[in-house]
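Can you keep this structure in mind? I'll have questions shortly.
The first chain written gets the first letter, and so on, giving A, B and C; residue counts start at 1 in each chain.
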Amino acid sequence: MTRVVTFLSDYGAGDEFVGVVHAVIARICLDARVIDLGHGVPPQDVRTGARRLARALPYAPSGVHLAVVDPGVGGPRRAVALRTRREERLLVGPDNGLLVDAAERFGGVEEAVEISDSPWRLEPVSATFHGRDIFAPVAAELALGEPLADGGEPLDPSTLVRLEPLVPRADGDALVAHVAEVDGFGNLVLDALPADFYPASLTSVRAAGRPVVVGRTFGDAEPGDLVLYADAGGALALAVNGGSAASALRLSTGDEVRLES
Amino acid sequence: MTRVVTFLSDYGAGDEFVGVVHAVIARICLDARVIDLGHGVPPQDVRTGARRLARALPYAPSGVHLAVVDPGVGGPRRAVALRTRREERLLVGPDNGLLVDAAERFGGVEEAVEISDSPWRLEPVSATFHGRDIFAPVAAELALGEPLADGGEPLDPSTLVRLEPLVPRADGDALVAHVAEVDGFGNLVLDALPADFYPASLTSVRAAGRPVVVGRTFGDAEPGDLVLYADAGGALALAVNGGSAASALRLSTGDEVRLES
Amino acid sequence: MTRVVTFLSDYGAGDEFVGVVHAVIARICLDARVIDLGHGVPPQDVRTGARRLARALPYAPSGVHLAVVDPGVGGPRRAVALRTRREERLLVGPDNGLLVDAAERFGGVEEAVEISDSPWRLEPVSATFHGRDIFAPVAAELALGEPLADGGEPLDPSTLVRLEPLVPRADGDALVAHVAEVDGFGNLVLDALPADFYPASLTSVRAAGRPVVVGRTFGDAEPGDLVLYADAGGALALAVNGGSAASALRLSTGDEVRLES
């Protein structure tokens, strides 16, 4: 049986960290089919990691889902492994809010264990690379079919750390949203849904003081012009047809964007 | 039977896009052996994508070859799947010139279908992420062995979009070429072949006004000096031994390079 | 039998080079399980490549270990394949010091062959992409189980190129170390071990003229403050809790760091 392990992190492509995690998994479960869901989460940006994981997992086969964005590594934060209510997906990572939003896509958390002292960990456990020493071996043992309960101490799912949701705010007729992510094309993903603002009857709005076409895709604006659209993850987003909205508007993650009809 | 799917794009490593495409393929065809041919094509640079795909596919096992560099996503451009004359390779991507040069390496296109409304697509189809919603599921179904004709509406291969070839121009005894690509080492790949210029009897030329050794490899020039050579893809290229020709000459993609003997 | 091939290089993610190497391996040995150990070694930085390979291989399953950081490609440097004394690991790459430190982790080199004219090479061999034309096919044939001795001409392991070890120097009570690597988080890995300096009884030192907490992990310093710790590879390292030590100290690879108790 081919067993799926997905893996998302902020390790980047510059180092051997991602490769070492793959290596550890392969030593324990050589038949695992490991699918990288991306390692370009901005360093230590738990919120962006959580958004991406929650967006990606519904498209992935059921299996073990490893995610590591872990600024508190080696400190008091818990390391956890979870089983979801629907599809029995197994999520492994730090208890800092990274995993819970993704678990909600599958009915929430049915069972959870604290794995910091897991019998499956690699000794000696380093203080700064739990991806290698704790998370990878736990993910691999789960991929082998070992029971979650054997991987650590049971914990109450209601005590798992959750991120406070970000919400845009109304300001008169305008909506003040924020740049939640900048993708590799310079498209700006906002922390707002079309339902928060998207005026179906309008064909143009103003964003960040600039005229913007309301459209479905990049080409609905003239080349070089701005378009506001619902992106593939369902969020409001700003793009420039054939260019970078981040460059054109000089905006980056966390910046405010004022949308006016 | 292990089925090969290769995948090239301009999605970059910053986001989860590449991973989500892998995930979609694995859900449909878990046994597929997916080989990334690189996702660092400069954003929306169809021409560079086409060059890389054509260079890489002859080294890849026959199979399904997915490629996505797609500035017109969601607009009127067609989405296509092709079968080549030789080796029956299956290419999947946008109809914007990205695929045809690669198909020519295998005798050209024998059969083609338009897949925008493919029965295999994921509903709802987003307007901006056809890699996830159209191209990946079509590639995966083809990897399962489903017939190409079942994936979409037949189209006449002679109507496929082709890129206008770039050619260097002679200017007296000089050749005016262009930087077609800058690789990760700062080597400059030109839009010229050795046959366009390479004077077998010469051992030095001038490029961009600078003296250049004619050689086979980087070490044929002194450390820090420029060398003109035929690169591993067969094109003329400029490098600095132990350095970056892009930095030394301050040249980037599209810039002219004057070669004088 | 699933056969493992690991692969580390300085090819980066910008080009199709990594993908083409994967493609060549798959054409010869489709069942190989190829594990990327990272391709972000700084261009032509053999020493960093050697460090990463030696750190990573003990975590990887035994198999074929391909590594390419090769500034002398196409010149007189030898191309080699090695078998280690312990675990019979097979290492493939240029003979420039990249492989030997890793081999030492497995008892050193038992057998070695020069593979520049290997019968397994892809013809014509380019002058600049031996990863594709020599190293990948040799790694793939070894993954198929072909004997090392059939891959090239025997060579005396004692003639393999070795890197001169870097050592920090004492200066009175201080230790002058160097930045050996900067990781993706901006952490500075030094060319010193805790045993060289780490004063177990101390809780704070000065590094680069700045006060530094001696700790186990990032969170042992206040947010924004510096911490000196033993990293997951066993080396002394400097980090900023929640930030980048490289930015805070304006240090990069090769720079001196003065540690004072």
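Heads up, the rule we're going with is that a contact is a pair of C-beta atoms (placed from the backbone, for glycine too) under 8 Å apart; a residue touches a chain by one contact, two chains touch by 3 or more.
Quick caveat, the model's predicted, so the values are computed rather than measured.
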Topology of the chain contact graph, where touching chains are joined (line, ring, star, complete, other): complete
Angle, in degrees to the nearest 5, of the Cα rotation that carries subunit B onto subunit C: 120
Approximate Å spacing (C-alpha centroids) for the pair subunit A, subunit B: 30
Residues of subunit A touching at least two other chains: 12-13
Subunit A to subunit C touching residues, read off their complex: 11-20, 22-24, 26-27, 30-31, 43-44, 71-76, 126-129, 132-133
Footprint of subunit C on subunit B - complex, ascending: 2, 4, 6, 8, 12-13, 33, 35-40, 52, 55-56, 59-61, 183-186, 216-220, 229-232, 239, 242, 244
